Amino acid sequence: MREYLENVRAKAPLVHNITNYVTVNDVANILLACGGSPIMSDEAEDVEDITSVCGGLNLNIGTLHKSSIEGMLRAGRKANELGHPVLLDPVGAGASSFRTGTALLLMRELKLTAIRGNMSEIRALALGIGNTKGVDADKADAVTEENLDAAVSFVKRFAEQTGSVIAVTGAIDLVSDGKRCWVIRNGRTEMERVTGTGCQLSGMMTAYLTANPDHHAEAAAAAVCAMGLAGETGWSRMQEGDGNATYRNRIIDAVYNMTGDMLEKGADYEVR
Amino acid sequence: MREYLENVRAKAPLVHNITNYVTVNDVANILLACGGSPIMSDEAEDVEDITSVCGGLNLNIGTLHKSSIEGMLRAGRKANELGHPVLLDPVGAGASSFRTGTALLLMRELKLTAIRGNMSEIRALALGIGNTKGVDADKADAVTEENLDAAVSFVKRFAEQTGSVIAVTGAIDLVSDGKRCWVIRNGRTEMERVTGTGCQLSGMMTAYLTANPDHHAEAAAAAVCAMGLAGETGWSRMQEGDGNATYRNRIIDAVYNMTGDMLEKGADYEVR
Amino acid sequence: MREYLENVRAKAPLVHNITNYVTVNDVANILLACGGSPIMSDEAEDVEDITSVCGGLNLNIGTLHKSSIEGMLRAGRKANELGHPVLLDPVGAGASSFRTGTALLLMRELKLTAIRGNMSEIRALALGIGNTKGVDADKADAVTEENLDAAVSFVKRFAEQTGSVIAVTGAIDLVSDGKRCWVIRNGRTEMERVTGTGCQLSGMMTAYLTANPDHHAEAAAAAVCAMGLAGETGWSRMQEGDGNATYRNRIIDAVYNMTGDMLEKGADYEVR
């Protein structure tokens, strides 16, 4: 995993984000923490120029407006044309027909390098049906040791069908390119009490994809390990009286201080 | 007060927020801190689906766009239909005719469970005139020991007229359902130097209303006490060199760590 | 420098911000930290009322929407009419024709008291050409000891041409009113790893301009020194394991705790 992180630090990829206004500041700061740089722009007239000076594109539908769909399409097409990686974070897919429909539209119209979501969002995309309870992972849809085999098969199949790297994050994280599936056990459940850890991961993952053009699946898995490890490191620095606001900062701080060696040693995964 | 907090922790209410882009991240994190979950969506096409999977609705006009008024109305009507509590935070009412007019429109069109603002905002709604100096409480409009009797009468009367629980927050906080008025003395003046403590309280109050359907006034008062107590606890953890950015985190952290017992002991109020 | 800070604390200027949704919360908190108060509003129908109750206007095109240009123009014209200082932060000028064009439009249509950006943004405005790499300063465009004389001349000339105070921030900061140029060496390079330190400075600078109506250039220079000094003070409080998220808080905290004496002693500048 070491080299994927180190490539981000060395190449300092500039990432164009069209993302929600809830967690956007944390996305910007985690991109800076991991060694990348963020630009945000969602206005249709602006996005082609902006994505052209960037190396990767992160699309997130967390507070989707009708007016920004055109921006997502234009930015995505330009990024595709330029060979930039494009990531989709289908926040809330399954919870509304507008979000599910828009995510499916983006999947049809764009070549997506990766899709990252929780199990219910990914399932909504895969099945065209949804059972999402908000933006945080629905407990009933969590990947557990009990349903792990079935979940691995599902994620591999969906990755194969779409041609995208699929990353399903939760208590156990799965990353697949259709052939291999990384089963990742980094992270802490308390991360769910911090808004936007998923959005942050999507931003950071786009930097990893951009800096590792020949190893998208490995880079996506490395980003997932790095986020989970940051959750562990950040938690170890919590003091009495600290809560989720401080934890938010400690996670980003841990990404800022993470080296390739630390990721190599701390990454807890197997490949199936 | 204990049970109102504990019901939030037990029921983990999902709250739909249509709120401003300034303080939205803190609103999301305080909802997670208190035991609820946030979803944000303001697009008119999206809001009915989203509010349907939630338990309560928080409307905040802090950076109001014309385009989101339709979203507020559709979400509000759907929430009314489903019997979900709806809270209005009329940020800046009295400071512009657009805001005052929109707040009054929402009051006419929707059944509002609660309205929470500072005295000048509430007065602007009550009287159709305004003297608001920005989003922070106008000192001249503050509730003090000197004008407390008049303020209590005013708030009771406005609650009776509207049928909504009215919460006026400032140095002294007042919460009334038209019959009773909670006079609450928790909190610290330094909270005014953190942006969005009012917005955060509105988000948390919506979770309290949702988790306590038979005791809306009590739940609103409990949320006000919890926010003020968090301000006190957070301040007690401040160290030399800390300022309003750290205080912001400590307040949310204090909500995260607050138990029913702590609220019961720390709540400082009388009912008039 | 002492008096310019003290005037902000004494007058508590209310600043109207039309700014991006990425860093807006930090802009609000730094305005509160320095002694001012923030209001955010970008809806065209709302901005004239809002700016009328404020003392200054901060325009930032960081996540510019077509729909908010009208709001910027209406707010700016009203602020001009009322004699309020107006600041432009041309985020990303040079990186897209939409941003460059809008910044130039605002320069034509409004009387701007000050323009604050990094060298590539300012150069894009000055020359009508751009080489901006995102929102963070392009290293190739940085002001260094080697190119300082040329940079000072360029900034003076641009200030003279525009009639605005020009503030170019980076490793070395320059502030000029066309006649004098403050060369400021406060700050730390690590501030670049925190998103929005430039936006925050623009917000704070607008408060300084508002509170010091007869000394705009001096006030702008004082704001730049204060931001850089806060970066130094904040860094001195960093502990092992802290990163850019914690640094963000420490910078704002340092602004909160800064006195006129501290600024007077800590400001590191010469006037050319």
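Think of it as A, B and C in the order they're written, each chain with its own count starting at 1.
Following the convention adopted for this analysis, a contact is a pair of C-beta atoms (placed from the backbone, for glycine too) under 8 Å apart; a residue touches a chain by one contact, two chains touch by 3 or more.
Which protein is which chain? UniProt says A, B, C = Hydroxyethylthiazole kinase.
Quick caveat: nothing in here was measured; it's all calculated off a predicted structure.
Taken as a contact graph, the chains are fully connected, with every chain touching every other chain. Taking shared numbers over all numbers used, the subunit B to subunit C interface scores under half, which places it in the different class.
In the CA-based superposition of subunit A onto subunit B, the rotation angle is 120 degrees, rounded to steps of 5.
The mean-CA centres of subunit B and subunit C are about 32 angstrom from one another, to the nearest whole unit.
Multi-chain contact residues of subunit B, defined as those touching 2 or more other chains: 21, 25, 248-249. The residues of subunit A lying in touch with subunit B in their complex are 20-23, 25-26, 62-66, 92, 95-99, 132-136, 192-196, 241-246, 248-249. Those residues of subunit A that touch subunit C in the shared complex are 14, 21, 24-25, 28-29, 32-33, 37-43, 45-46, 49-50, 53-54, 67, 233, 237, 248-257.
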